[in-house]
Each structure stands twice: as C-alpha cells, then as structure tokens.
C-alpha cells in the first residue's frame, strides 16, 4: 500500500444507493461540495436490479421501473457535479469525522465537514439442514443474477418467504425463464402485498402458507427440498412432509441494516425488529448521535427505495442547512414537504408499523439510544 | 445459463468476449461482468470448499457482503467473485479452505 | 414422499365475491355498456398512477393516496387501457362483456416472452391459476410506449369474464 493521503471535502457520502445519491444531489444543488464513495463499479445500490414498476405517487416516480430511476439519479449526480469515487471501500469512521477509504492500492483519509452513511442492508437467512448447499441463496442474490447480470442460476425454483421480496423475485424468475414450483411461508398468511401475490398465483404458482422448509438435500448442490406443514404454534405436523425436486432455493426472510461503520464509530443504536434489528438512532433531521454524521435509507430501517430517497433528501437538506447553504425559511419549507411525503409513504396497513417504528427510533435518539 | 432475450431488459447487449480459465478449463465471459456471473452462466455452482468439513459453498448474497463466493483469482485467495470483474486470461480456481498465502518477500 | 395435491393449498387468493365488493369493480350495469376497466386493487398502499394516467379523469384515488381507486363516474371510462399499463401491481384489466353474443374479451398486462400471436388458442386461468376454459388471443399491444407492459387481449366464453385473469398457450 502507498502512504495515506489526506483529502478534504465538504460532504462525504458513504454508499451510493438511492438514499446516498439523493442526499448528494440535494446538497450539491445547494452548492455543497460532495464526494460520494461506493465500493462497487457502478453506484445505484439495489435500484438496478428492480425491474418492476414502483408504487407511490408522481413525486416518488411511481409507475417507473427501479433501474430507470437509478439512471435518472446517476444523471443528476453528474449534472450537479457530485464527485463519485467508485471501487472505494470506506473502511473506517474515526474521530473528527475522518473517513478511511481504499481502492485496493491506495489508502486515503477523507476530512469532510459532514458525513452521510447510507450503506443499506443485507439479506438474512434461516438455518435448516442443508442450508449451505450451493444454489441456496438470498432472493436478492438471485435477483441480482437475473436482472443485473442476465444469468439464470437455476430453472426449478423454491422461494422461502412470501414478503414482497419473495413474491416479486418469484415473478421475475419466471420472466427470466425459470419455473417457480412454490412459495413457502411459515406464517398462516401471505406477508407481502395482495397484488404481488395475485401476479404469481394466477400463473399457477402456489403459496403454501403454514409451511416451512425442513431440509435441503443434494450432493454438491441443492437437488430437492423437504417441505413440512406447521400447526398454529409453528410445530411441524408429523406426516405432512413432502419433497420437491428443485435446483435453486431463494431465501426471502427479510433484511437487516449494514451498520459496521456506525458500530465502530461508537454511534448509539437501538434494537427495533420492525426496522430489521439493530439500527443506529437519528433525530428528525437524520443526524446520528455523532454530531456531523447523518444517516439515511435502509441503514436506518429496512423500508423501500421511495422512503430511502426521501430520507436522503432530508439528510442532504439538513447537511446544507448546517453548512449555511440554505436559509432557514426555505429549509423549513422543503423539509416539511419531505416529511409530508414520508408520512404519506408510511400510511396504510403496511406503512403504519414502519411509521411507529421510526417514531420510536427518533425517540430513542433523544433518550440516548439503548446500545 | 445466459438470458438472451428478456421481457423487460430486452436482448443481450453486444459485449466484448474475454477468456477466463476456471479450474484449468477455458470459459468464455463478457468484458465487465463479475466473475460469479460468468461462472453461473457456465453452470458452475461450487465455488469453494470449507476448511474443517470440506463442504461445498456457492453464492449467498451476491452483493459482496457475505464472502460465501470467494475463490482463488490470479493466485490471490479470498477474492469475492460476485463483485470482482473478469479480465482476459484470468486464472480462477476453486478455493480449498482459507486458500494459500505466499509470504511477501519485500 | 411427494404430495401431488399441494396445489390445493394455495393461500393469498381472494374469491370473486370478495373482490367484487371493492370500489374498483364496475357494476353489472356498466358492464352492459361495453369495455370498462376492472381495478382489482384491494389494499391501502400509497399508490396512485392509475389516477394520474387516466385521460378521462374517470379514476379517483385522492388524498391520502392510500385510498382505494374507484370510479368518479363509471360512464367516463372508455376502456382505453392506459391504466392497465401503468399499474405497478398489474391489477387492472379491461373487460368487455359485450364483445360478442357469447364471448367476452379480457385485456390483461403481460410482461413475458414470447408474446403470443393473434389467433393463438389459449387456456384461461383463474386467480388461483386453475384452468377454467378455452379461448384465443384477439389482440396484442406491444410498443415503446407501453414500456414492456404489453397488453394481451384474450377472448373467452362470457361466463368466465369475471374469473379469468391469466392464460397459457394451448400446445
């Protein structure tokens, strides 16, 4: 490794997904000098594998496909002069907001005035005998393979989990040319939106509620799975086992925030299961327990791309305001509009529990966080 | 298996072909794609074997966070194949355990 | 042990009686007048592209945007199908129960390859994916404007107009 270099910037954004990109664009529009760091070859986070149309309103680009929104954000980032450092890992967040980054050959230490961490989330798994067999992967992983890389890992698929990810990825696997044999759901009801479930049930794909995967079998890769029915107390019903031949199992059992940089910096956390587990706490303007460090997107609670973009906008505005690049009145007006849109996105039976969870997170910030 | 024509993404874009060598076998790949993508296209599912029980492992997260997909690439072990792009004549081997490490003579 | 009957244990599908209770399902009176959009949107999700795209302002979601879409006036809907294309949930169909004396047409969103050709014989599938009738492909709309949400219009025996929501090609 060459010796480290110190790099000054006004606003360092770590993680170039929808939250980070929107925050960077918002701040850059207001004259903040922004450096966006992403360890991948192309920013956009999970947007580029979302080939389906998004919900929401016109303000959230409803009806547009995820990757179209991704392209639009990349275009805006370039237009507003956001400096993008790709293939750069942010490996440390230190005192006085210093950020250690590396491209594999050189180490640089960023010295920003403000930092945003928007590092997103990672898929969970569930353990069952045989769960490590090759071709048992996260549903998001299969989605990356088919929608970004254009390669199909298997042709006969079992999906575990009937939340929106499991339902959407099952639909997209059929679009990619696979056969989805069943969606397995441990709860007695479907987890995701009715409309997502309808898209696959009308194709003849059964959603087996109150069922779980008991075992995966195969020599060097998954060859079949044993499914078993569950009673109301989630105990296996003896004698209800049956086998299904398959060559790909997609696990869609939720996501959790990727908060390593937050942990190492000593930031305060709480544990809120509705948001994905351990979540760094933040105030109503997305500032963490470390002054000058802001948070946005799935890192602060697993939700959707639309809420990630709004939170990014909020953080970008807050950073600009703290650097005196926007006057108080304009700031208050813009921020109240963002908050109104966030509230709107968190309405309804699916959004309500997230709205309450985010309120608890903000309250936890003021209580000092539990961890 | 490669998806040649996709109902949303359209036809496969024209890309420059490169050649990678996987466990001694020549495999065609496209410039700019991730190693894991080329391997999935060729039907390869086992990427490494674990240290203690010699069990096969493949892809889990595909976004560079879980390290399930690591292989030995151009002599370097523990390379995350899902976020590392292919290069022409790249040598990729199924990794055994933690792989081998050469002492740096500097 | 393989369970051959597991296709009977599908959950997450609403019955026709339940779906008809929702505001996006047109009245039988309206069906008698010809092609109309059938909006099978039954959950309060923040979403309103159907309202935004309707050129006749026939569909209203309003505020808050979790409201279920409904018709301001069913007669304003001409069955143009723009909403079929824009709905992120692929939950809208244009159904014409007056297609012919014995048949109804169902225009549905179709995002798969290969696209079927006009005249192809098909089997109509209900919301559970069960094969319920035979029919044929009447029209296929696929152009740049639809952004890959093609609209395939199938023709089925009239009594299946409220039941068929997908199809497979008869081999």
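We call the chains A, B and C, going by the order they appear; numbering starts again at 1 in every chain.
Quick note on the criterion: a residue touches a chain if its C-beta (ideal position, glycine included) is under 8 Å from a C-beta of that chain, and two chains touch if they have at least 3 such contacts.
It should be emphasised that the depicted structure is a prediction, and the values quoted were computed from it without experimental measurement.
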Chain at maximum distance from chain C, centres defined as averaged CA atoms: B
Result of counting contacting C-beta pairs for B-C and A-B, higher pair: A-B
Whole-Å separation of chain centres (CA-atom averages), chain A against chain C: 31
Length of the line joining the C-alpha centres of chain A and chain B, rounded to whole Å: 24
Computed distance of Cα centres, chain C from chain B, in Å: 43
Set of chain B residues in contact with two or more other chains: 6-8
Touching two or more other chains - residue numbers and ranges from chain A: 65, 175
Per-residue multi-chain contacts in chain C, two or more chains: 111-112
Touch list for chain A against partner chain B, complex: 39-41, 46, 51, 65, 122-123, 125, 132-138, 140-142, 144-147, 149-153, 155, 175-177, 220-221, 258
Residue ranges of chain A touching chain C (in the complex, touch as defined): 52-58, 62-63, 65, 162, 174-175, 182, 185, 188-190, 193-199, 201-209, 211, 227, 241-244, 344-351
Footprint of chain C on chain B - complex, ascending: 5-8
Interfacial residue positions of chain C with respect to chain A in the complex: 1-3, 6-7, 9-14, 40-49, 52-53, 64-66, 86-91, 111-112, 125-130, 147, 149, 165-166, 168
For the chain B and chain A complex, residues of the former touching the latter: 1-3, 6-9, 12, 33-34, 36-37, 40-41, 45-47, 55-66, 82-83, 85
